[in-house]
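In the two complexes that follow, chain A is the common piece, with chain B as its partner first and chain C second.
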Partner chain A sequence: MKTPETLSGEMMEKILEKRSLPSWVKKLDSWTVYAPRKDENERWNYDIAGSDSVGLDFTVTTLPAKALIFPQREIFLEFLKTAAENRETLEVKEVLPGEKPVVIFGVRPCDAKAISLLDKVFSGDFVDPYYWTRRKQTILVGLACGTPPWENCFCLSTEGSPHSEEGLDILLTDLGDRYFVKTLTENGEKLVNRAKDLFKEPRPEDKKKVKAVHAEAEKKIVRGIKGVKKDLAAKLRGMFDSPLWDEESMSCLRCGICTYLCPSCHCFDINDEVDSVSPLHGKRVRTWDNCQFPDFTMHSSGHNPRPDKASRLRQRLFHKFQYFVETYDKIMCTGCGRCVSLCPVGIDIIKVLDKVSDHGS
Partner chain B sequence: MAKIEDLKEEARKLLREGKIKYIIGYGTGSNGWMAGPVFIKNPEDVDKLVWDPTCVHNLSRFLVDEKRRKAREKQPDKRPVGIFVKGCDSRAIVVLLQEKFIERNDVYILGISCENGGVVDEHKLTRKLKGEKPKKIELSDNGQFVVTTGNGKVEFPVGELLAERCLECQANFPVISDILSGEKTKRPPEKPFGSIEKMERLSQADRWRFWKEQLNKCIRCYACRSVCPMCYCDECVVDSINLAVSADTTAEEKANKVKWVQRSAESSENFVYHFVRAIHLAGRCIDCGECERACPLDIPIRFLNKKLEKEAKELFGYEVGFDPAQPSLISSFKDEDPGDFIR
Partner chain C sequence: MDHNVYIPKLAKIIQIKEEVGGARAIKTFRTVFTNGHGFDHRCGQCAMLSVFGKGESMISISSSPLVKDYLQFSILKMGRVTSALHEMEVGDLIGIRGPYGNGFPLDRWKGKKLLFIGGGIGLAPIWSVLQTALANKGEYGDLTLIYGARTSKDIVFKEELADLKNKMTVFLSIDVAEPGWEEFVGFVPQNVLDKKPAPANTIAITCGPPIMIKFVIKALKDLTFEDQQIYTTVENKMKCGIGKCGRCNIGLHYVCKDGPVYSWAELKRLPQEY
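== the complex of A and B ==
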C-alpha cells in the first residue's frame, strides 16, 4: 500500500461567503462531515455536522482530529471457533474500516501537522492498513487561527504556524464575512468543485487581507520554547539521569490526559476481547495506550524499567524532542498547548523544556 | 481572615529546623492565574506559596506518592511532610488515617479555613468572563470574588462562582490540623445534597440515558482515579495487567488472571470502570470534587459519589472524614442497621 500523494500541481484560491458554508456542506452528501460542536461547558469536540449546524466559530477541540483517523478503538479482526462432527475450525475475518469517506471541517493547523507526523509513524517498513484506509478517505479542511485559541499555543516554536498548510487539503482563513479558501490537494479541489457556484474569485484586497490576518496571528502567540530542534535534542541526550525529571514530575498524577489528548501521541495496545467462550468468538482490537500509565512498560516478570513518575515524564519529552528528531528529523509536538492547558496540576512542557535549554549554561 | 503569611512563618521555621522533609502547598500555576501544587524543600522558597480561591487541588493525594516513594527507598527519610489543607482536604487525611494508610506523625498539617469563601469553578468563571482571560482572583474582605482581567477588576458574589461542592460543603475549615489560619466559621449548607436532587427526580430510563451519554464520552485517561486521594490501590481492577505480579508469579497464574474490564473505551466497559470506582468510594469519598474537575470531557462524576454519600448518611447515619477513630462504613456493623434489602 502506498501512502497518498499529497500535493497536486495547481492550487486554487477562492472566496466563500460565510453564509454559504451550510450550502457547501449540503452538497457534500457523499461524505460524513464532522465539525466542532460546543457542549454546555464551553468545550468543543468534533461531531457529525448537518448543513444547518456547521459553524466554524470555535476555539480548539478537546480531542484532536487524530481521534477520527486513529480512533481510540479499532477492530483488527474477528475470530470464531466452531466445532462440527468432532472437527474444530477457527475462522478469522479481517475487519477493515469501510465507512463512508469523511470530511473534517475546522481542523486547526497544529492538529493537521500532527496528522502528517502520524503519517510517518504508520508508514515506513510497515504500512498500517487500518490507519491508511481511514487516512485516505478523510479530507481535512483546516481553519487558520486568527487569534490563538488559547493562551498556551506555541506552534511557532515547533516548526509550525497558525496558518500552516501541512497535512491539510484545504486551508480556510476567516476574513470577517467570508472565508479565503485555498485548496492544497486534489481532494481539496474535489470538495470545492462539488459546489463550484458558491465560490468566487478572490479580489486583490482579499489576498492582501489574508496575508495581514496571518501575520497578525503570529504576533498574538505569546508562548514559545527557547531551544530549537537540534539544540534541544543534543541537550536532552546528556540529561537522561538529570534530577530535573524528579523535580518536574513531583506533581504529576500519572493520568493520561497529556498523551491521549495529544495530537501526535500514537502509542497503542492490542488485545483480544472475548465475547463468548463457548462457542469461542471475539475480536482483536487496537486501543490507545499511554506512556504515563505505570503498566505501560510493566514486564511480565514484574520488573518495570520505568518504575516512577520521573522516568515516565522523561520518556514523554525524550520521545517528542529527541528520539523522534533522530528518526524522522521532526519534533513530535506541534505546539497545540493541550497538555499544558488541560493538565489538572499545571505541568507545563514549555517551562520544562526551557529548563532543559538552560541546563548547564 | 485566613492569611497565608501566618502559615509561611511556620513553614519557614519547620524547614529551617529540619523538622519536616518538605512542604506540599500551592504555588502560582503555569498559566498565571490558576494555582498549582508546589513542593518546597528550602526555607528560602517558602515565598512561592500562595493562597487564593484557585487553590482547588486536594493535595492529600500526594501523600500517596510520598508513601510509595518511601517504600522504594532503602533508607527512607521518615520525617513528616508538611501539607496545606482546606476543610475538604483535611477530611481526606482523616480517611487516610482511619484506614491506616498513613500515620498521624507522617504529616504536619497546615490548615487554612475557607471561612465564607471556597474555591472557584473554572467553567462558571469562563462563562461569566465571556472570553476574557482572568489574571488573578481574590476573596475580598466583604465576601466577594474579585477577578482581575486585562480590562480591570470585576466583582462577583461568592455564590456565583463557587464550585458546586463548595455550595454543599460540610467542613469549610480543616477538621484536623497542627496549625490553623483563619476562623472556624460555621457555614452549614442550605441543601447538602442539592446537586443530585435533579438527578433523583429523573425516571430510571432517563437516568440510564443520561449516564450512557455521559460515560460514552469517557476516554479512560483515568484522571479521575489518578487525582483521587482515596484511589491509592497499587493494583486497580481496570489496569491491563496485574501490577501485583512478582518474580514468583507463575505463567499459569498470570494467564488465569480474570480480566474484569476491557481496555476499550466503550460504553459497557466505561460503566464497569466508573461504577466500580463509585462503589469503592462509598463511605470514603469526602467530596473534594477533584475527579470531576480533572475530567477533560466534563463527565459529572460527582453525582455518583454524592448519591452514595447520601445513601450512607440516610441508611447508616454515616458521615465521612470527621473522626479517624470511627470504624469504616463497609467493615462495621450495628444492630440497628437497616436490613430490609436482605430478602
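== the complex of A and C ==
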C-alpha cells in the first residue's frame, strides 16, 4: 500500500480574508469538515463543522487530531457463528472505515507532526489498513500558533516549531483580518482550487508579516528541554537501571492521561465484544491502550515484565526519546505540552528529561 | 487494498490430544485452513490464534514447516483464550493469522551438533526445529534433547518422546522422585550439568519457563559454551503481533516481530523486560 503523496509540483501562497472562511468551507461539500469547537465542558475538541459553524479562534484541542485518523475505538471485524443441520458455519467480515473523505481545519503543527510519526508506525512490513484508509482520505489544514496555546509548549526542543509544516497539507497563518495560506501538498492545492475566487495573491507586506508572526511565536515559547535528540538517546541508553525512574514516578496515579492525550502515542488493545451468545455474534474492536497501566504487559500467568510505576515511566520516556530515535531517527514527542499541563500530579516530562541531560555531568 | 493483516483465516481443528491433565493442562491441536490455503512458516515462528468471542493469543507453531497437511499447536491452559481453546472440540473453527516472528536460523546451523534443552510446555517451540533437523539428519551433527517437567505426568509428547529415543539421544528429567522413574531426578539445568554436553561445534537451543532458561544458560556457560552458541525464545504479552500495539517490546525490539528467537549474545545486551 502506498503512503499519501506529499510532494506537489509547486506550493501556492495565497491570502484568504477571515470572513471568507465559511464560504470556503461551503465549497468543500465533498468532504466532511471538522474544526475545533468548545464542548459542554469548555474544552476545545474537533467536531463536524458547517459553513456557519467553522471558526479557528481556539487554543489547542484536548484530544489531538490523531483521534480522527486513529480513533479511540474502532471495529476491526464482525463474526457470526450459526449452526444449521449440525453444520457449524462461521462468518468473519472485515469492517473497514467508510470512504467519505475528511478535512480537518485547525490542526496545530505539533499535532500534525505527530501524525507524520504515526505514519511510520502504521507502515513498514505490516501496513495497517484501518489507519491508512482514514489517513489517505484526510486532509490536514494547519493553523500556525501565533501565541503558544499554553505555557508548557516546547515544540522547539523536539525538532518542531509553532509553524512547522510537517504532516500538513495546508498551513494557515493568522494575520489579523486574514489568513496567509500556504499549500504544501496536492491535496492542499485541491482544497484551495475548490474556491479559487476566494483566494488572493499575497502582497509583499503579507509575506513580511508572516515571517514576523512566526518569529514572534518562537520567541514566546518559554519552555524547552536541554538535551538534543542524539544526546538524550545516548544518555538514556546508560540509564535503564537508574534510580531516577522510581523517584520521578512516585506520585504517578496511573491515570494514563499523559499517553491517552499524547498526539504521538499509538499503543492499542484488541478485544472481542460479544453481542449475542447463541447464535454467537460479535465484533473485534481496537481501542487505545496505555503503557502506564500494569495490565498492559502482564502475562496471563501473572508475571509482569514492567511491574511497577518506575518501569512504566521509563518505558514512556525510553520509547519516545531512545527506541523511536534509534528506529526512525525521530523523537516520538512533538512538544505539545499536554502531558505536562494535564497530569493531575504534575509529573513534568521536561524536568525529567533535563535530569537525564544532567545525569553524570 | 492489500490483504488486511488483522483478519484471521478460518481453520478447523482436526485433532486434539490431551498431553497433560489437571491444573497445568496442556493439549495439542492440529488445524487445517478451511480454504485449503495456509501459510509457509519457519521453525520457531508463532501464529495468532482466535477464539471468536474470546479474543486472540500468540502461540508458537510446534509442527515442522516440512509438514504440509496441518499446523500444530501445543497449548497450556492459562488465560481467557487458551482456556476457551481447551473447551473446543474436533471440527470447531478458530481463526489463525501469521506466521509472525523471526524463527530459528536453522540454515546457519548445518554441520553443527544441535542440543535441545526444554522444560514443560517449552518443548513446543523446540519441537518444530527438532523435527525439521531430524528429517534432515544428514545435514547436522549429533542431535540431543534434554527435557524435563515437574512430574512425569507433566511431560508433553510422551509417545513421541518414546519414539524419538530410537532416533536421537534423549535425556528426560522430573523435578521430584517418583516410583518407577528411572531417568534423572532434578531440575533441567542440573540435568544439563550432569550430562555435560560438549560445546565444540554445538548449538544449544533452550525453551521453557524464564527461571529455567536463566539457569540453563548459566549451566551452559559453566560448560564453556559461547554466548553465540546459545539460542532461546522469549515471550511477552502480545495483541497485534506486528510491532504496533506497543506492549511486547524489550528495549527497541518488538518480540512479536523481531523475536521470539534470540541468541544469548543478542539477548544479554537487551534490558531485562521479559
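Following the convention adopted for this analysis, the second predicted complex is superposed on the first by the 357 of 361 C-alpha atoms of A that agree within 3 Å, B and C clash if a C-alpha of one lies under 4 Å from a C-alpha of the other, contacts with A are read in each partner's own complex, and residues count from 1 in each chain.
By our rule, a contact is a pair of C-beta atoms (placed from the backbone, for glycine too) under 8 Å apart; a residue touches a chain by one contact, two chains touch by 3 or more.
Since the structure is predicted, the reported quantities are computational estimates derived from the model, not experimental observations.
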First (chain B), second (chain C), both or neither touched by A:43: first
Partner chain in contact with A:278 - chain B first, chain C second, else both or neither: neither
Chain B versus chain C as contact partner of A:342, first or second or both or neither: first
Touched partner set for A:30, first chain B, second chain C, both or neither: neither
First, second, both or neither for A:152, with chain B first and chain C second: first
First, second, both or neither for A:308, with chain B first and chain C second: first
Common interface residues of chain A - those touching chain B in one complex and chain C in the other: 269, 271, 289, 298, 300-301, 303
List of chain C residues in touch with chain A within their complex: 1-2, 4-8, 10, 52-56, 78-80, 82, 91-93, 95, 210, 235-237, 239-240, 242-252, 257, 271-274
Contact footprint of chain B on chain A as seen in their complex: 39, 41-43, 62-63, 72-73, 151-152, 247, 250-251, 253-257, 260-261, 269, 271, 273, 285, 287-290, 293-295, 298, 300-303, 307-309, 340-342, 344-348, 350-351
Residues of chain B touching chain A in the complex: 29-31, 34, 36-39, 57, 61-62, 65, 69, 72, 123, 126-127, 133, 219-223, 225-227, 239-241, 243, 245-247, 249, 254, 262-266, 290, 293-294, 296-298
Chain A - residues contacting chain C, complex: 1, 76-77, 79, 81, 88, 90, 92, 94, 96, 121-122, 124-130, 133, 240, 266-272, 274, 277, 280, 282, 284, 289, 291, 296-301, 303, 305-306, 311, 315, 318-319, 322-323, 326-327
